[in-house]
Amino acid sequence: MALGATSEQVAQVTAHIEALGLKAHPIPGAQRVAIGITGNPGALEPALFESLPGVLEVIPVSHPYKLVSREVKPDVTVVTVGGVRIGGGHFAVIAGPCSVENADQTLSAARSVRAAGAHILRGGAFKPRTSPYSFQGLGKPGLEILRDVGRQTGLPVVSEALDEESLDLVVEYCDMIQIGARNMQNFSLLRTCGRARKPVLLKRGMAATIEELLMAAEYVLSEGNYEVVLCERGIRTFADHTRNTLDLAAVVAVQRLSHLPIIVDPSHGTGKRHKVIPMGRAAAAVGADGLMIEVHHDPARALSDAAQQVMPEELAQLMQQLPVLLPLTGRHLSAHAVGQERQV
Amino acid sequence: MALGATSEQVAQVTAHIEALGLKAHPIPGAQRVAIGITGNPGALEPALFESLPGVLEVIPVSHPYKLVSREVKPDVTVVTVGGVRIGGGHFAVIAGPCSVENADQTLSAARSVRAAGAHILRGGAFKPRTSPYSFQGLGKPGLEILRDVGRQTGLPVVSEALDEESLDLVVEYCDMIQIGARNMQNFSLLRTCGRARKPVLLKRGMAATIEELLMAAEYVLSEGNYEVVLCERGIRTFADHTRNTLDLAAVVAVQRLSHLPIIVDPSHGTGKRHKVIPMGRAAAAVGADGLMIEVHHDPARALSDAAQQVMPEELAQLMQQLPVLLPLTGRHLSAHAVGQERQV
Amino acid sequence: MALGATSEQVAQVTAHIEALGLKAHPIPGAQRVAIGITGNPGALEPALFESLPGVLEVIPVSHPYKLVSREVKPDVTVVTVGGVRIGGGHFAVIAGPCSVENADQTLSAARSVRAAGAHILRGGAFKPRTSPYSFQGLGKPGLEILRDVGRQTGLPVVSEALDEESLDLVVEYCDMIQIGARNMQNFSLLRTCGRARKPVLLKRGMAATIEELLMAAEYVLSEGNYEVVLCERGIRTFADHTRNTLDLAAVVAVQRLSHLPIIVDPSHGTGKRHKVIPMGRAAAAVGADGLMIEVHHDPARALSDAAQQVMPEELAQLMQQLPVLLPLTGRHLSAHAVGQERQV
Amino acid sequence: MALGATSEQVAQVTAHIEALGLKAHPIPGAQRVAIGITGNPGALEPALFESLPGVLEVIPVSHPYKLVSREVKPDVTVVTVGGVRIGGGHFAVIAGPCSVENADQTLSAARSVRAAGAHILRGGAFKPRTSPYSFQGLGKPGLEILRDVGRQTGLPVVSEALDEESLDLVVEYCDMIQIGARNMQNFSLLRTCGRARKPVLLKRGMAATIEELLMAAEYVLSEGNYEVVLCERGIRTFADHTRNTLDLAAVVAVQRLSHLPIIVDPSHGTGKRHKVIPMGRAAAAVGADGLMIEVHHDPARALSDAAQQVMPEELAQLMQQLPVLLPLTGRHLSAHAVGQERQV
């Protein structure tokens, strides 16, 4: 739409699109509104829309992705999670234990994470474990602990959903839904996320190309949820000095193709505690929009992923380096949620 | 259990295990019954069971997998799909179109597949597509077509389930549930398969190790469904002359570690029509327990995966070579389902 | 050239090409002679050659490879190694120890290899070892042992060259030069091979695409040595159940693009003794032109690569299965070298 | 050796080692001298050396690498290239065109590289090209141009050697020998580098593990040349948004295991111009000891690797960001060679 297009004009164009049996996706940007069109079996005639009032340009999208594409929406998307902004220059740090183990561990992890300066608390209640006999997470009670600890410490919370049932609970208790690498192409779950009213953190699959990651996000957006943050977390390669190979160039690739924010998870991306902070620093330098880091008071006794959780003081050191790094890519630390004022 | 152990003795040992708060998994073999024990937080004292009547030996399992392991159950498992046996020397061929497109296409594909000598009809009704805008399959009407065509041609049928909803339908309409590569670590779906009363065809994920594949099967078995057939379908590598790199050595690896049958899918494993039949032949030579091959009358007009579907006459040529190949590894073509007598 | 083109006509066309400052490569086939042209900075005008006597057709080659391409020379190439033919339906088996350790070990290996029915004896005298402190091979004395044992048992011999110096020795003592995976893109060594008067066995690099393998062969052919046999020996992937992932579809890919023979090395391709024979069988089924297998009397005491060397009786079993397998792809076991008549 | 050990004591220990038929490698560090021992067939008795004057400790090395290991020599190594230090906190930038094309192009590239603040000039005269028909470099005349331009602009120069012949020339004309990724396991060439009296830049192979990279360096050190700088330049994976996947965690891995400096090549590591600078910044943030970047005045007209060469002004921007980044890992920009004073 043109710069000065009114909301009535947007509504008219939307109605026109829907009258043709297509689906309209108005996506507000900082300067102008873009309207994505999906549901067309083949190419559409631009003339169908070009002469409508307020329409600036009709751009046929050549890539397989439409709604996630920067061609459709050149303005970058800013996703807000419980008051914390991610993207558009706002750099947010998500931190916390791999798993919610109990209220005490979660509260002390949250306090140290907050003291270190992180913005959002993570903690798994439903764990995708390779073995059916490994600790599978506390489930709903874990989410209750996470929500309570989040409220107490003023931190928005994010947790992973594995299926429709856990997704309903995550939507109820958390500020953001995490979809893990193993479910990146669980298209049914992605569609359900698309109908949820909470932002989604979508992690790249271990063998996924950038195009596949963007198409997975497209599943969420195509159902109407435009609040998606992508996450690079390492790919599977022959290299054996890390658990996965963190592909930082993916950040640059995504930012060229899409308007969605992308953060980096150096914990899963390396699987080795001593590599987490250096790679987190590298992710900030390359231009990521945030980090997701696993922190545990006592990594040696963690119930899951002990080898990759850092100590709170290591996180704190990284947080102190970020104000130096972020301006190099035109970024700054995001403001904390207002609730954080509530002292604990 | 000892060779001559009675079913009462098996029941007694099972009861004893359950009285200890553990889960017992009696797995009948050709010669003896093995009883897997799961649910133990740490190592168990073998003496707890050794002196019970009918117990031959108590084997602590060192691998992370238990029920899928040949250590627990040395006899290979024979899975029966609508009367067709897979494993234990029985080599079965699953063939059919990538997608069920309509009744005519499916019936003619089924007739040619049966004429070629294949045992089981495949056809997708729920398609996991990278793009939300690609053809997603006919859904329930597709399954109805598949079931009807299967009955008409005397072929058992298999189709892919993507989530709980489609799984319910596949269980209702098909003889076997297929879990695709993208869902190999959809643990929630695997558990639901474990409670289904139909055999499961579990495909290896594109970035999955053999251990991860076996652990995924363990999820199904641990819920009580021991009828699992594994499927090698290619892994993601840098090689660009095929869509995936078919890892035939995986067949040998699985057969050493597990009693479950394993088949090979050279269609997805190569993604190139001219490589499907040679690699299918190689899979038979290496000792696989079956094949899964996409066949289409008119590959150029298929709605999905056109590049990898072979012509019925190509399948027929391969079927004629199998009786030469299979005896080299102590295998033979499985008998057809009795229903196949019903001439079409 | 046309079917009935005389050798004078070939010489005339060659002279014409060279008069233009280009390089001519006459490549005799079963039915006709092809003449490759290299050295042209850009596209050449076909009319320059079309009207010369004996010229049938001028085909501009679109692929980056020229001399290795089937477009240039549709007839498959048959390479002869000390009297043993490889390619064009002739299936040859190269076998022997990883390293020449001493005369006794080599002779007993050669006898059992010959008794099993293999055609060519392999044995390393210059070993490319990851560590400078590992056994590096016997060098020239090793080649002397290999040559003597080959003569004694009537088997042509092949050994690896690592650099110009060892290449000179291999050319002097052996019937075939092996270029290992690590040197596949040692272009200087490839050029020197191209000027050698012995056939070359060129192994695919661990991270090489098919195009890169063919281009490496092109280096050899472009210097005038057209006797090149390619070898698939596994690529590096994340899969950890084998040392490398044997990419058997590469055989089909190469045979479509090139006229050169391609064999398979399941020893390095799996790195696990129990997988060598099954994968060797699969390689024969897919249509390879031969095998290269490491055999040792006492694998547990081998000085190198103990984990992947099979026992002579395992090789013998495979050799007995080959006459069943090879006709499926229009192949047959190659005839043994005449020298093999000399009884030992 | 102990902190205050005299050079006589070092000589005595060295003589003692050699008297035992072993090879001694005295490696001077900032604070103390370490003496590596190689040539021992099995484990040595520490008591053989412990009581010699000046000996502090005898450490049996468990890793396969010895001389490259931090266990043997905890002090990091500082390599000096024509007066420019790399390692030990000194961060050096190597820049220049992919290939030396002619004197004018090289001089203007060198001037802009120097103006941007880079320390060492790179330029290929012997190019390892996939195709024998691609531009192979100017050879010796190219090295002459590079040397002259280096002298004129006060920049030390580095160029790649492909074989013994080109190595002799590179040693003669350049300040540093580059060994490319394709030759990382050209053990013969590595040994020759070990006998050269110039520092070596050793690039990681496309499919090499960290252990293999360190063992390749061990080949050089074991021949007596301890001046080795390692270089991460990307590995081969399925990811297709870059030419290679730059594995920045390798920097951390190498620095834990080895005392050798390691730099990063984001040009080959991404193969995409727009990703070079962001990944160079990330490399500095992760703690690399330097960068190697391809720069061309007119990338669109470069004779090789046009897609990955950045403009001089892009390099200049990165150089301005380094003083902000380097202190985060205790590093600083290396001082320029004294010759740079000579104004051009």
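Labels for the chains are A, B, C and D, by order of writing; each one numbers its residues from 1.
Here, contacts are C-beta pairs under 8 Å (C-beta built on N, C-alpha and C of every residue); 3 or more make two chains touch, one makes a residue touch a chain.
Treat the numbers as computed from the prediction; the structure is a model and nothing was measured.
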Other chains in touch with both chain B and chain C: A, D
Which of C-D and A-C has more C-beta contact pairs: C-D
Between chain A and chain C, centroid-to-centroid distance (C-alpha), Å: 51
Euclidean distance of C-alpha centroids - chain A vs chain D, Å: 38
Whole-Å gap between the CA centroids of chain C and chain D: 35
Chain B, residues touching no fewer than two other chains: 207, 235-238
Touching residues on chain B, where the partner in the complex is chain A: 38-39, 64-66, 128-133, 162-166, 182-183, 185-189, 191, 205-207, 211-212, 215, 218-219, 222, 235-236
Residue ranges of chain C in contact with chain A within the complex: 236-238
Complex contact set, residues of chain A against chain D: 207, 209-210, 235, 237-242, 245-253, 256, 269-270, 272, 274-275, 278-279, 281-287, 321, 324-325, 328-329
